[in-house]
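Here come two complexes built around chain A, the first alongside chain B, the second alongside chain C.
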Partner chain A sequence: MSNFTTECYQNEYLPLGVSEVNAIVTVTSDGAPGQAEQPEAAEIVIIDTSGSMGTPRRKINAARQATKVAIDCIRDGVAFGVIAGTDVARTVYPTHSTLAIAAPKTRSEAKRALDRLDASGGTAIGSWLTLAGALFATVPGRTCHAILLTDGENQHETDEHLDGVLAEVEGRFQCDCRGVGTDWMVSELRRIAAALLGSVDIIAEPEAMADDFHALMQAAMGKATRNVSLRLWTPQGATVAFVRQVAPAIEELTGRGVQVNPLTADYPTATWGRESRDYHVCINVPPREVGDEMLAARVSLVEGEEPRAQALIKAIWTDDRRLSTHINREVAHYTGQAELADCIQQGLEARKEGDLASATFKLGRAVQLATESGNEGTMKLLQAVVQVDDAATGTVRLKHEITPLDEMSLDTRSTATVRVGSAAT
Partner chain B sequence: MSTEDLNLTTRTDLSCPSCGAPLQPGDRFCERCGARLDEPKEADGDLRVELDLGTAAAVSDQGLVHHRNEDSFHLEAADARNVTVVVCDGISSASAGNVAARDAARAAGAVLSRAMADPGNDPRDAIVEAIKAAVEAVIQVEWTTRVKRVDPSCTLVSAVCRNGEITVGWVGDSRAYWFDADDARQLTIDDSFAEEGIAKGLLTPEQAAKSPFLHSITHWVGPDAPERPPRLVELRPERPGRLVLCTDGLWNYAPSARELGVLIDALPPRAAPAAVARSLADMANDRGGHDNITVAVVDIEPSPA
Partner chain C sequence: MTVTCPGGHESRATDYCDQCGAPIPAGPPAAGATEVLPALDEIDTSPAARREPCPACGAPRSGDDRYCEGCGFDFHGPPPAAGAWEAVVTADRAQFDRLAVAGMSFPAGYAQRKFVLAEGENRIGRSRGRPDELAPEIDLAMEPADPGVSRLHAALERRSDGVVVLRDLGSTNGTMVNDDPVPIAPETPLPLTDGDRVRVGAWTTITLRKR
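The block that comes next holds the complex of A and B.
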């Protein structure tokens, strides 16, 4: 059984009359599988086989190859399947309407089935997810995860239909989304990945797909827990301003809470391997008197109904300014990282709409924030889009020629954060 | 989902002093309103601590606003003419400031007491050593918080009175005053932004008294304290008089030596140190008691030399 540990970073001292309590909670899981208790997993690879995947041919070839690599990572006993998606969805493997159990024999069968895969037809991602949901439903009790690959926009479905599907399958499986090339929509895949608690990324060249799928499936196989919830207790009279994952990437959880009782809600965090994630919790509590201390929130990690670890977020009101005026370093850092992601997304949006003044301002601010926090990955992506005149003040010029790849890479990876102390000082 | 899930209907004799919700034994916080439970709002110690050693006395009072006394003192008299005193004001977290002040006073007091047993020791060295020991003691105080910049810490003013000669050393804004028939003066200069502003000519004393930074101190006893030695002052009185050490809970209500002197002069001429200390603490409470109040008074007879 995996062990969870938590650390809480906050300045619990509040000036009189202030009600907002902020804390960063770091949650670490050792990923220990425990005695033969590896949770039963189920994996589905969903490949876009629409017509565009065949032009050039190497795209469908690479997808086929990458899926084979992923299948080879699946350990014995895991339920698995492959879906080919066009304007309809069909199972490539197994051929009956359930999942196969991984073993040398089934893995080779699946790989042979992939060789017959070809590209033709449209794109209706909702139908792919519906089929995945149905297949996962045939293996109840398993922890379900999918990899979805597409190269284009969701043309053959309305947004409303996709939203309906997402609401339907949400919580039933986790889905990492990958867009290959530059003809897909970042906002669309981000919406799917966010709803299904997965990552989203761009694969520039089809040949890079195999490595990416390998890493994704390895990570999936390293998951040592069932679905884990972040359980948040807040006192009567308190309101949750927001709950978001802030590392390794920003994931908004605020609207995702499921009420357990009037004072407690569960926020989904899916499965955990050997990893560490940071959460920013912001609570408003009724202010109290000088010297009063209260529990503003209790954060626990709950696997099934088992509490695994907890952290306490406190509030103490003081009239000593030496205590109440400084902002906790971690809170300040992640507030900056969240602003960084917002600035990039808003800046790119403004640029698309031709509002170059706003775009320059927002992307300039992003450059400034990325520099301050030592977020070199994001800084590099920003430099492909803007000419940096002075990083410290955020003085930039928009580049005239921006490749779609640079723009989409920046957009997709805008939510990646770095931890405190990354800045070279 | 129902209110039963909340566990609030469990029968128990314990209830939250803040909202009345039932509690389980061992709860540290109320499960309904979040109020802290293991530290009752009412004082768990005495509202006032007094020590009367005849020629020296000290009073430490919780005041009327704070829920706990975060001041502390150490007072010791080898005989009527050899007295050591330490007064500390905890300036840290609600739960550790009191421990910091207590441990600092205790540690500094022990060093002074040992050092003064040997007449060959220089009181100035003894005070510097005592304050070092106080810092060491405060470093040991357990943090009750994860906030790394907020270490338990306190102010400290101490005095060694030996055969009519007085040596005072301090860090922070707890003060020492001297009063005799002709004189009323403050012996210490606060380690505070206000005093530094006055010293640099940036503020007039009147402006400083009104400054929001009056209480922002620039030196304290604690692990994160600035590295500089405590300030020292020596006095060899020519007339009998009184040495008064106190925390800002007192001097806030009578900041100048003259104002304090007027209060002391209003007492019967031969009032004992205990009576003076008590009456000054009462005055602070009468005027609002917004902070903990600690005051130590030592009667001094001039050195015969």
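The block that comes next holds the complex of A and C.
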């Protein structure tokens, strides 16, 4: 059974009359595999086989190869399958409507089935997810995870249909989404990944797909704990302003809480391997008097119903301004990282709409924030889109020619954050 | 197994109250928490409990304590004078619903509090918890505290002739009596009788009782 530990970073001192309490909670799992009770996994790879995947041919070839690499990572005993998606979904392997159990024989059968895969047809991602959900339902009790690869927009079904499917399959499996090339829509895949607690990323060149699938499947096999929720208790009269994961990437959780009782809600965090994540919790509590202390939130990690670790977020009111005006370093850092992601997404949106003044301002602010926090990955992506004159003040010029790849890479990876202390000192 | 927080809530968590978040002091309750009593229906009155209630306020006597935790009555002293008055503080749902103050929630599980009126002035209010202040005799500062109650809101004067007189001390939100929606005039004494209800703040109702 994995061990969870928590650390809480906050300035618990508040000036009189202030009700907002902010804290960063770091949760670390040692990823120790469970003993006998370790949950078995189920894995599905969903490959887009629409007509566009065949032009150029190397796209479908690379997808085939990457899926084979992923299948080789699946350990014996794991239920698995492969779905080919066009305007309809069909199972490539196994051929009956359930999943196969991984073993040398089934793995080689699956790889042979992939060789017969060809590209023709449209794109209806909702139908792919529906089939994945139905296949996962045949292996109850397993930790279900899928990898979804597409190269285009969801053209053959409506947004409403996709939303309906997401509501249907949400919580039944986790899904990492990958877009290859530049003809897919970042917002669409982000919506799917957010609902299904997975990641979203761009694969620029088809040949990079195999490495990525390898890493995704390795990580999935390393998940030792599933069904973990962040449980948040707040006192009477308090309201949760927001709960968001802020590292390794920003994920808004606020709307995803499931009420356990009037004072407690659970926020899903899916599966955990050996990893560490940071959460920013912001609570509004009824203000009290000088010297009063109260517990503003109790944050615990629960596996099923079993509490595994907890952190306490406190509030103490003081009239000593030296205590109350200090902003905690971690809170300030992640507030900045969230603003960075917002600035990039708003800046790119403004640029698309032709509002170049807003785009310049927003992306300039993003450059400033990325520099301050030492977020080199994001800074590098920003430099492909803007000419930086002065990073410290956020003075930039928009580049005239921006490749779709640079723009989509920046958009997709805008939510990646760095931890405190990354800035060069 | 539950503990009682300084605000009077039953809490299963023993570090901070799982209702209001107030810190729960370790060991015996702090001196400031003594006027918090369990609601009447929660007091174990079975013979097995063998707890002698305080003759002045009815709070159960804990062990062989000389002084009552509820009102400070001296168990070794003379019996309480006949004609003693007490003020019983409760949270009134109907009053809260009628006022319907935006952004405020009704305190769940509010424990009834009792104060025995001393002769002279018994001020009603909310202390700031500062060491240099003279806290009101009927201090409603403890959680869940009614934010509509002023620091010094009103006073109940028990006069030597046995009459109790209510006076509003210039409170922000006014003081109402019984079902009259109009607040009484500030600084104007109003004689009360047994069973009268003094309403202050968003939900606080103080019922006057003659023993």
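Rule of thumb we're sticking to: the second predicted complex is superposed on the first by the 422 of 425 C-alpha atoms of A that agree within 3 Å, B and C clash if a C-alpha of one lies under 4 Å from a C-alpha of the other, contacts with A are read in each partner's own complex, and residues count from 1 in each chain.
The working rule: a contact is a pair of C-beta atoms (placed from the backbone, for glycine too) under 8 Å apart; a residue touches a chain by one contact, two chains touch by 3 or more.
Computed from a predicted model, the values in this text were never measured in an experiment.
Q: Which term applies to chain B and chain C once both are placed on chain A by superposition, clash or fit?
A: Once chain A is superposed (C-alpha atoms), there is a clash between chain B and chain C.
Q: With both structures placed on chain A, which of the two partners, chain B or chain C, ends up touching more residues of chain A?
A: B
Q: Looking at A:259 after the superposition, I want to know if it touches chain B, chain C, both of them or none. Which is it: first, second, both, neither?
A: In the superposition, A:259 contacts chain B only.
Q: May I ask you to decide whether A:279 touches chain B, chain C, both, or neither, giving the answer as first, second, both or neither?
A: Neither partner.
Q: Regarding the shared-chain residue A:235, is it in contact with chain B (first), chain C (second), both, or neither?
A: After superposition on chain A, A:235 lies in contact with both partners, chain B and chain C.
Q: Which holds for A:334: it touches chain B only (first), chain C only (second), both, or neither?
A: The answer is neither, since A:334 touches no partner chain.
Q: Answer with first, second, both or neither: which of chain B and chain C does A:322 touch in the superposed model?
A: The first partner, chain B, only.
Q: May I ask you to decide whether A:292 touches chain B, chain C, both, or neither, giving the answer as first, second, both or neither?
A: Both partners.
Q: Looking at A:8 after the superposition, I want to know if it touches chain B, chain C, both of them or none. Which is it: first, second, both, neither?
A: The answer is first: A:8 touches chain B but not chain C.
Q: Taking the two structures together, which residues of chain A meet both chain B and chain C?
A: Chain A residues touching both partners: 233-238, 263, 285, 290-296, 312.
Q: Sort out for me which residues of chain B touch chain A in the complex.
A: Those residues of chain B that touch chain A are 1-3, 5-6, 19, 28-36, 39, 41, 65-68, 91-95, 145-147, 149-150, 216.
Q: Which positions of chain C touch chain A when the two form their complex?
A: Chain C residues touching chain A: 13, 15-23, 104-105, 107-108, 128-130, 141, 144, 147.
Q: Using the touch definition up top, name the residues of chain A that touch chain B in the complex.
A: Within the complex, chain A contacts chain B at residues 7-13, 233-238, 259-263, 285, 290-296, 312, 316, 318, 320-323, 326, 328.
Q: Can you check the complex and tell me which residues of chain A touch chain C?
A: Answer in residue numbers: 233-238, 263, 285-286, 289-296, 298, 312.
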